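We just call them A, B and C in the order they show up, numbering each chain from 1.
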Amino acid sequence: MALETSETYLTNVGKEMYKWASDLFPLNRSITGQGNRESLEYLKKLLPDLKINNFKSGEQVFDWTIPDEWHIDEGYIEDKYGNKIIDFKTNNLHVLGYSEPVDTWLTLDELNNFLYSLPEQPNAIPYLTSYYKRRWGFCLTHEQRLSLKNMKYHAVIKSTLFKGQLDYGELIIQGLQREEVLLSTYICHPSMANNELSGMVLTAALAQFLSSMKSNRYTYRILFIPETIGSIAYLSHNWQYLKKYIIAGFVITCVGDNNNYSFLPSRTGDTYADKIAKFVLNNYVKEYKEYSFLERGSDERQYCTPLIDLPVVSIMRSKYGTYPEYHTSLDNLNFISPLGLSNALKIYIKIIQVLENNYIYKPKIFCEPQLGKRGLYNTSSNDNPIDIVNLLAYLDGKNDLIDLSRLINVDFFEIVNYINALVKENLINSVNE
Amino acid sequence: MALETSETYLTNVGKEMYKWASDLFPLNRSITGQGNRESLEYLKKLLPDLKINNFKSGEQVFDWTIPDEWHIDEGYIEDKYGNKIIDFKTNNLHVLGYSEPVDTWLTLDELNNFLYSLPEQPNAIPYLTSYYKRRWGFCLTHEQRLSLKNMKYHAVIKSTLFKGQLDYGELIIQGLQREEVLLSTYICHPSMANNELSGMVLTAALAQFLSSMKSNRYTYRILFIPETIGSIAYLSHNWQYLKKYIIAGFVITCVGDNNNYSFLPSRTGDTYADKIAKFVLNNYVKEYKEYSFLERGSDERQYCTPLIDLPVVSIMRSKYGTYPEYHTSLDNLNFISPLGLSNALKIYIKIIQVLENNYIYKPKIFCEPQLGKRGLYNTSSNDNPIDIVNLLAYLDGKNDLIDLSRLINVDFFEIVNYINALVKENLINSVNE
Amino acid sequence: MALETSETYLTNVGKEMYKWASDLFPLNRSITGQGNRESLEYLKKLLPDLKINNFKSGEQVFDWTIPDEWHIDEGYIEDKYGNKIIDFKTNNLHVLGYSEPVDTWLTLDELNNFLYSLPEQPNAIPYLTSYYKRRWGFCLTHEQRLSLKNMKYHAVIKSTLFKGQLDYGELIIQGLQREEVLLSTYICHPSMANNELSGMVLTAALAQFLSSMKSNRYTYRILFIPETIGSIAYLSHNWQYLKKYIIAGFVITCVGDNNNYSFLPSRTGDTYADKIAKFVLNNYVKEYKEYSFLERGSDERQYCTPLIDLPVVSIMRSKYGTYPEYHTSLDNLNFISPLGLSNALKIYIKIIQVLENNYIYKPKIFCEPQLGKRGLYNTSSNDNPIDIVNLLAYLDGKNDLIDLSRLINVDFFEIVNYINALVKENLINSVNE
């Protein structure tokens, strides 16, 4: 695999990702429904090998049941003059997700029981859902709410809930080894950009990158799946295999803004995924904030549960729940950027490159080899070719390349170069050989 | 068992403990003798199941021999006019413990060889003993010593040393499990309040508390026993059983004043008793001082010796040896108080409650359970019922409730409530089931 | 063995070591050659049991080949007037080590290609070698170089390279145990005092000290051997035995100046040698600097390679490479002193004494022994013979004397005294008995 990812490549793929996000933005995703299928079809155009699968409504998945599919045709509030003052068609956040159907006239006082707004963010429409309790409601800016006059209003939601399916996408890129790396992103939020479209488009670009590799060591399992119920359903079918073969997993979300990075560790904080992620963050980003697992909020909640216990972490830019635009209409296409996306992609590519190259080597000869006669450094005794000598000192069949980089303070990819030279000279070999 | 110990209960038991200490104060305890038997008889009235046992003088116990029993009828110094200037009857600290008999006239110079006082604490009578070397002596305030005039004095001690016995009390409160908790306090000091009466009365109150529990998980072994020779003798008979079944032990002493708490760890500092004690202190007292095991001074000296190696610690208020009144007549009933005693009892009751409830649980289902449908939190997706979710994340069949409390920053007894709800919902069970 | 090494002894041996260094100074050592044999013969006079062995040129030793032996008769530069402006006879650093023969006239410009000097240390002749690449060259002070006039010069080196041998000295002092302590110093530098003569003479004095011991626990393997190629050759013949029996090893070098101490840990930093060395340095020198293994530069490079992995460290005064005189003519007999040598010897003797006495003991009786009846402290209950009691608390069959010294904050050799008393009283015994 090429270790270099040129700036040109990154600039171009940044623009592409942003374009994909713009295309996907208007679709009305939820944990089920037509918007999800349209989103997956769009992704399949980018990733021809993507398999689109589903679970049927009513299927029991661990402690949960696959919900009925939700479909909405219309959702609006008219004033007594027939003006549609709130309309799902203008912004799909206006209707509380999974709202039951309604067609009724109410006074403003009565209506207020079904309205949701954010006094502290008066120009944002909040994003709300009620998947498991049957209710209906409308979300609007607080500014608009304050402007509502005392009159009768007509609230209409034409929605249906029926035995349907929960859709998801799965792409397996076979590697030389059966051990797997999990890349998981979610597809259940309507028109919001950083949480969640940034995750979908970066994962798609990363999948394209992986597919373009000539050969890859690990098998990559890439999921586009609704949060929580989706990952639970998927785990209920696959957990035994995953528990056996997943060596590291990443929940990819909130990767579209251009702020500092965030790291959410696994439950135990000491898995191989934690090691890889922290190494890459420590070495290749300027600054990052490490959160506690107590602050988690996405599918690592399921992947890391005690009986499943996969080594899954999350690298984000601004973490969900920490920026004011989160879960509102202000998390829109202005909040993310091509540069934000491509910088985050660069880090995820580093993750892949470190994973793919992080072997353990052992010496084939005793004592220091004579590097001079092999041209590995020049022969005068007052030179100090200390890096390769230090590398050989700690290359002991136990330290992997990350350990070696830390121990001798030399960049990982420089070590890869040394390793290649030493393997070529038959001085070391991988412990797996 | 009830987790609550009401303020009323604590206030009342504080007064009772202080009353008991006042009753026991005048008795002339030593490592053997009538004062010890009277003290144990008093305790038996409070604890009907208390067994009063003894070891016979001359019995070999490990490297030691049970000493002869010491009895003293009189001990005084008369001046040449026949005035009793020092009299054992007015304060039993006046005679060096285990003094041999004497009846002799001495000059002040000669007498001074047998007098003990504290120049730096001129109004305190020091407490001294000589158990293993035959001597005699009188202890007095330095003020009185300075006032002694140059004349002949008549020193009289009518004491006997004879083959008798060393007495101790033992109370076993049977639990559902054979594993035991050791509570050990000592009964070998004459009229001093914090060191040692506070330990005796708090242990008695704690034993009453334990006896009143409907059912207890652990078996409690409660000892009222002379320090050092008593615990050595007891261990010589019971060490194999104790080594097998004691999971945590506490030396209860110096718990009557109302100052900050002190913690004396076990020899290794990492036993279950250390874990329990430090957790309770960290969570339920404002401030405490942790001492080194090198600063120990009571029966943990024996319980923690390498070949015995019991998990024994000590939680005190002002530690022995650190307050100026220690081992003098100033460690009297004014130095302790009902409130000091009841606050310390509250902490020891917390210790018991944490011990009794500190099980390890594991999940019965995969992934997060659907808490909403069980009413464990409400169903709207923008609530944050984070505590119970975090609890489930770390409830993995390895962490006990103390670990969980630390990991998720939630009070131990709140976790007990969650656990009860989760067990009731059949979502988790104890690893021992 | 005597634990005391009197000041008189140290003063005398300091003067002796300095005398030996002065005698050895003029000899032209290299990795092979007559100078090495003369040096070893000198050492044999001090250490009659020293065995002088060799490896033959051309022998393959791991990745290396024993080089041909280098002999030099003359080496000088004449100016056009026939003045010898640089002459090997006046200082053997003047000729680049292992220079090939030459006899040629050159212009100053041409000559400059073969001259080596240090602009930043204008009055020092640098020390340079070229063991494996055939070249020739002269080293001189920068001052002299700047004074050279533009004329023709006659460069003459009469040297030969032939199938000879690489010589080394080996002294084995048999101990009661088969386990070994390795003391290794090198003999391949021409006229320089701290690096390396200080190592040779201190090791010789330490060997005399060891030989004079009545009985020693460990077997001592003492090597006087050329750096790198010498230790590689030695390891190629002995590594399996050494890997099995060496419990601690020390590379002795740069021990002649009187500056603060330096410590170079083993590769892993956690071997028994590290433990011993750090304990002695922490307790018996005022100040020392701990280097990283990455800063190593002598035979620990070979001893600690992954497949050999001996527990070898180095205690120095000013570490090689850190003082400006290093590897120049200024590292001469003025840089070292009798006091510098004897202070360093004192530390190495402490190392030996700690090694020899660092047993693990366990108690023979349960609970605390009655120390009073054995006169191990006096019998009044208000004494505080805390050290011996604390010692017994931690003397548990696992802690060695170093651990005990750290745990109870008592000097190692005081603990040895307590241990002797306790063994005599039959209260403890060694875990090996």
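Note that in this section a residue touches a chain if its C-beta (ideal position, glycine included) is under 8 Å from a C-beta of that chain, and two chains touch if they have at least 3 such contacts.
This structure is a prediction, so every number in the text was calculated from the model and none was measured.
Traced through touching neighbours, the fewest hops from subunit A to subunit C number 1. Interface note: subunit B and subunit C, two copies of one sequence, contact each other through mostly non-matching residue numbers (shared numbers fall below half of all numbers used).
Taking only C-alpha atoms, you rotate subunit A by 120 degrees to land it on subunit B; that is to the nearest 5. We define each chain's centre as the mean of its Cα atoms; on that basis subunit B and subunit C are separated by 57 Å.
By the touch rule above, subunit A contacts subunit C in their complex via residues 362-363, 365-370, 372-373, 379-382, 386, 389-390, 392-397, 408-409, 427. Considering their complex, residues 62-64, 128-133, 228, 231-232, 235-236, 239, 267, 293-294, 301-302, 304-309, 327 of subunit A touch subunit B.
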